[in-house]
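Take a look at this one; I'll ask things after.
Labels A, B, C, D, E and F are assigned to the chains in the order they are written; within every chain, residues are numbered from 1.
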Amino acid sequence: MNRPEKLIEGDIRLDGRRPDELRPIKIKVGALNRADGSCYLELGGNKVMAAVYGPREVHPRHMAKSTSAVVRYRYSMASFSVEERKRPGPDRRSIEVSKVSREALEPVIFEEYFPRSAIDIFVEVLQADAGTRTAGINAASIALADAGIPMKSLVSSCAVGKVDDTLVLDLNKDEDNYGQADMPVAMTPDGNITLLQMDGHLTRDEFREALEMAKGACTTIYELQRAALVEKYSSQMEGGDVIE
Amino acid sequence: MNRPEKLIEGDIRLDGRRPDELRPIKIKVGALNRADGSCYLELGGNKVMAAVYGPREVHPRHMAKSTSAVVRYRYSMASFSVEERKRPGPDRRSIEVSKVSREALEPVIFEEYFPRSAIDIFVEVLQADAGTRTAGINAASIALADAGIPMKSLVSSCAVGKVDDTLVLDLNKDEDNYGQADMPVAMTPDGNITLLQMDGHLTRDEFREALEMAKGACTTIYELQRAALVEKYSSQMEGGDVIE
Amino acid sequence: MNRPEKLIEGDIRLDGRRPDELRPIKIKVGALNRADGSCYLELGGNKVMAAVYGPREVHPRHMAKSTSAVVRYRYSMASFSVEERKRPGPDRRSIEVSKVSREALEPVIFEEYFPRSAIDIFVEVLQADAGTRTAGINAASIALADAGIPMKSLVSSCAVGKVDDTLVLDLNKDEDNYGQADMPVAMTPDGNITLLQMDGHLTRDEFREALEMAKGACTTIYELQRAALVEKYSSQMEGGDVIE
Amino acid sequence: MSLSDEVMTELRKDYIYNLMVKGEREDGRAFDQYREITIDTNVIERAEGSARVQLGDTLLVVGVKIQPGAPFPDTPDQGVIITNLELIPLASPVFEAGPPREDAIELARVVDRGVRESGAIDLSKLCITPGEKVWMVFIDVHVLDDGGNIMDAAALGAIASLLTAKVPAKRFNIGEEDMDVPMRDVPVSITAVDIGGTIMLDPSLDEESIAGTKLTVTSNQEGAISAMQKSGVHPLTTEQISYIVDIAIDKAKEIREKFLVI
Amino acid sequence: MSLSDEVMTELRKDYIYNLMVKGEREDGRAFDQYREITIDTNVIERAEGSARVQLGDTLLVVGVKIQPGAPFPDTPDQGVIITNLELIPLASPVFEAGPPREDAIELARVVDRGVRESGAIDLSKLCITPGEKVWMVFIDVHVLDDGGNIMDAAALGAIASLLTAKVPAKRFNIGEEDMDVPMRDVPVSITAVDIGGTIMLDPSLDEESIAGTKLTVTSNQEGAISAMQKSGVHPLTTEQISYIVDIAIDKAKEIREKFLVI
Amino acid sequence: MSLSDEVMTELRKDYIYNLMVKGEREDGRAFDQYREITIDTNVIERAEGSARVQLGDTLLVVGVKIQPGAPFPDTPDQGVIITNLELIPLASPVFEAGPPREDAIELARVVDRGVRESGAIDLSKLCITPGEKVWMVFIDVHVLDDGGNIMDAAALGAIASLLTAKVPAKRFNIGEEDMDVPMRDVPVSITAVDIGGTIMLDPSLDEESIAGTKLTVTSNQEGAISAMQKSGVHPLTTEQISYIVDIAIDKAKEIREKFLVI
């Protein structure tokens, strides 16, 4: 696809959203049997599955820490999740995304409760449409709760970007490709920033405004995460299918 | 070479064999000095060397089993063993062949006699002409005996295939390339099947007939294996050269 | 560049040197802060950095020796050190150079003083102009001394080659590319040969003469190495910059 | 595995074994009965074909990607099939990260042979320019939840994906219109295990873990065998194999007609 | 690390923390002050561009190699930037041999984004034949001595190398004369750490080791932000981030003018 | 290695050392005497050239494969030699599976240099289309039984294979007829060890294991040296090296004439 002439027209984006509008989010808590906790999440065209195992023994042993759990995070894209088939296995991008995503979640985990243990978080991107790392963090946060890992709070994540000189929430693929800036953020409900990355072009003022927009969006997402967990654990509903 | 018009003509195959005829087999027991047991075997144009080390210490240690030996099998093709030079190192095919070959032999090994030990079987294909896995299993079985590993029996292996709608024993390269089915089988002298793979096209009835042919051939091969071992251990002859 | 018509003309080489003349050598002892010992060395157009860590714990543990230190040597070329960008990571050449360089230094190290320990030597080639392994050994030898590793003596290294049927010391890049032989040598001050490699074409007599030339050159280099160490440890001068 | 885990596993094995002796299975199925199967296709928009397969507790997604590439030198006028399967650590506590191990490689290769050897795809129709450019069909199996018998679920997902996949000719400027993958057969894999001499189809995770041997039989529309694979260290008798082949062909027909009608 | 090493480390951390409480740093700098910077360019003859950067105790060499290659399919008329950074064991007792780990990969990618996202290089001018051949710019960062804040030193070295690099058109018979790399901006990265609530720029090795979090802000000539990266497990408040962004943009201007005047 | 193994090894070393002092070797050879050599060529039909070499207890097979490929950029009109040697675990209890380690790489590179630097192959005659296509000669050494001195056996096998190898021009449609590999020299490698000051040629496995250093000297038909490699941690004196070079050249002549007459 070539660059559309305009990405935003009269305050309406190509996919019909307003600048400060998130894409639809769908959450299924406990989507898997084998994992200790899991969550399937759709964010617009993104489809991600998160699973948590642990606390459990650490392999290889020498990675264990004597005073806290070691938290590991493996973000991975299915080879069919993108237009051009991706070779299986980790690449440099997924290694970086795994690192910052782990650091986005570690602050809320009571790691010191589980010395010599591992808490393993796996996020598989089944379909990608810009925003996979934020979708992954949102899902992983829920999966941690589903696994019963003691946490100070959930973590919520969302990107803010700039397209056609306008700040917009939660970029989709076209906006990401042809936009001017992308800034993924993750935070706790009390406003502590646990992930912050940016690339593109933002003035100081734009940056401050973008950060405020991210805060608002993360609050919205937090409510959805909480509601999904409450629903699961209050009604023990038999949920719909995953990857519909 | 292009596909020959006929692979079998008046009950005679391109290499002059009848449908139920094996290729010539040559066996040299104890072909190597360093290995605890070894066997060089030729099956038609296949030339394979099998060596056995063990029971010995397991490296890496964490692979050891507390109640039995761990049996390992490494099937490998020399880069010059085939028409187009093969890159050195294991590929997906050789990993699968190693797995099924190991499983073909494990049932006859008294693994429980050697807890915390390794029995390592190495098979090198020096020249390939279809049937390398069966040749390898036949050689490895003898090498195990030569190494003095306690075994319930030998294992014998042979492929059955279908060419020009006729079931034939022990496919050669052309028959493998242009045939309709290939089914490698391994079994113990009392008829227990320890390896069974198939690809191509066989009706139920063809399959049953093929399995019977394989049984007969394995019996023949078993006699050759036994004779080679008896000869070695009765006469301690000074054998001819390997890879003549 | 194409082969020059003559590499040596009237006893003068293309770069103005006489056959038995070394390229200029520049040595900075203790060029790094983190390493236990270090040395930056320029030999003509070669720029190498050597660092030594140890004696220290061995990782992985199973590599440790119970009666002596394990000495490791990692020779590596920066990707920008050569005309055509080199892919990062070890290749077969650098693995061989690392092995023979380690063996060139081990004879002078009192390894038995440090059982269960590691002495790690790292040599990075920042700019290459033929002779990187000899430059690396000369620098590493100084870095070992700078790290306070007990040694019987220093080791000095130099190559002798043949160009236009003349034996010459310390080949530069063009002489290496278009010459007839290259023979790197390393030795102790008392004349024990600790590294010897050769490729090309040398008669027996040429070889003997070449070895004598190498001996003389190594003596010269030894004096420079010693002087650099004396200067560092007598005056504790604040040295010039590295990689000027 | 902690000691109590090991004890649990042993107890579980005894339980399954004792049930079997009584002619029963832990989930109440008959020995030749499959668990519930759900197949949804076209679940991944980015893939040319895809299927989500739930087989009892086992969940996996298969994605088919199709793009132009060079043919193999020995088949210059045929498309290429490449099958991958990874046992990623998300799907089971016993799977590890890293390059595929022998179990995953074996599964991928048996899925691949099932598709290839049955002639399910007419590869000659996937040639673009002989000797130069052909369509490459990548079948990627992504296991999400290992509840046992990944083999049959993966084979089902592969064939279901292929049946609904489109060759993206337009996107690569190779044709006016996208075409279906040229399918000419619908192979189905049936896996049996031997537990204490009793043959059971479609093993659950627990059954799989105590079975010494699996036998997978892939058969085609006309009821002929396309591929077989014995996996595991226990031998099988000729009679057992014959019996499995017979019920596998029948069961394949049943599943094909129920789930894979084109 | 031996026990005495660990004790030393703890003592060192306490020392730095206590200094901070008194408004001081171990080397006497102000909280927003950088260590001494020395940049020498063209230090590697074999490279098309190079720089040796000393930032306090940190020493590294950046080499830029430029050679023709194929463009990425989605940007057929643009040159390619590839940035590598290795934390080789020569540079620190804690670095290990082997393929780059996540720390090295993150550093390389942040250096890369700083160059790329600021539009510092006009990639369209590095196209040779659209869709076929473009100039590939390899930026290789070789860390020799880790004295803390490799990030900023690497970014400085990358941009200093590029500013003095030549595209070797003659050597590859692609033009009559070598040309400068088409630069149109001079991004500078500034890294801050949070130690017990206090923000410090340009952390030394000890400061870096006790800081829970780093924030790198790369800004361009006009004072806009091109790239940011938070690294580490401690959260930051909105106020801290805002504060860092402000001083980072100012400090970048100062360093740019002092060291990177074209 | 178990304790008793270690004790055995020590005893064995003492035994060899004590023999040496008396001027003897364990197998009764003179210090400059080689073990029995058997070379059979054309033992692998699929290879363009091959040789089976038995040198005492050491057994290896060398296969030469020849196929068209791209030349190196700096030698556009020359064929390519690529030499591989693997120390596979079949051949010795101390060899491990996995990518070649430094010992195997060193052996392969010394075999390679022996062939290459002697000018044994006229590489200019292996050019097909300058700058585009040349013949690539792959020399693969497959060690089957390590009885000591793999080096010399491998070099013998390489040259014996090359002397009988055919360039498969017909198979690749590059010529009317297959041609011999254009050989113009017959280099032979001779390896010596220093055991307690005594020089011995062609070390057996036990001799090799107690020797601190090996020196390999490869010489050509006219008696000039093509390649040398000292391997191992013990130094050698100038006199020792001179002595080895002399006997190596003589011994190479003897072996060449006996086994490698074209």
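The working rule: contacts are C-beta pairs under 8 Å (C-beta built on N, C-alpha and C of every residue); 3 or more make two chains touch, one makes a residue touch a chain.
From a predicted model like this one, the values you see are computed outputs, not experimental measurements.
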Discussion item. Touching both chain C and chain D, which chains are there?
Written reply: none
Practice prompt. Provide the labels of all chains in contact with chain B and in contact with chain F.
Written response: none
Worksheet item: Just going by residue numbers, which of C-E, B-F or C-F has an interface where over half the contact pairs are the same as at B-D?
Response: C-F
Discussion item. Between chain B and chain C, what distance separates the C-alpha centroids? Give it in angstrom.
Written reply: 51
Practice prompt. Report the inter-chain centroid distance for chain D and chain F in whole angstrom, where each centroid is the mean of the CA atoms.
Written response: 48
Item to complete: Indicate the whole-number Å distance between the mean C-alpha point of chain A and the mean C-alpha point of chain D.
Response: 31
Worksheet item: Tell me, which residues of chain D touch at least two other chains?
Response: none
Item to complete: Could you check chain C for residues that touch two or more other chains and list them?
Response: 84
Worksheet item: If you start at chain C and step next to chain E, which chains follow, in turn, all the way round the ring?
Response: C, E, A, D, B, F
Worksheet item: For chain F, which residues count as touching chain B in their complex?
Response: 2, 38, 40, 43-47, 50, 52, 54, 57, 59, 61, 63-65, 67, 84, 86, 88-93, 96-97, 99, 138, 140, 142, 144-147
Worksheet item: Contact residues on chain A for chain D in the complex?
Response: 32-35, 45, 47, 49, 51, 53, 56-57, 59, 74, 76, 78-85, 88-89, 120, 122-124, 126-128, 241-244
Worksheet entry | chain A residues touching chain E - in the complex, by the definition given at the top | 84, 92-93, 95-96, 98-100, 103, 106-107, 183, 187-188, 191-204, 207-208, 211, 215
Worksheet item: How about chain D: which of its residues touch chain B in the complex?
Response: 73, 102, 105-106, 108-109, 113, 116-119, 215, 220, 223-238, 241-242, 245-246, 249
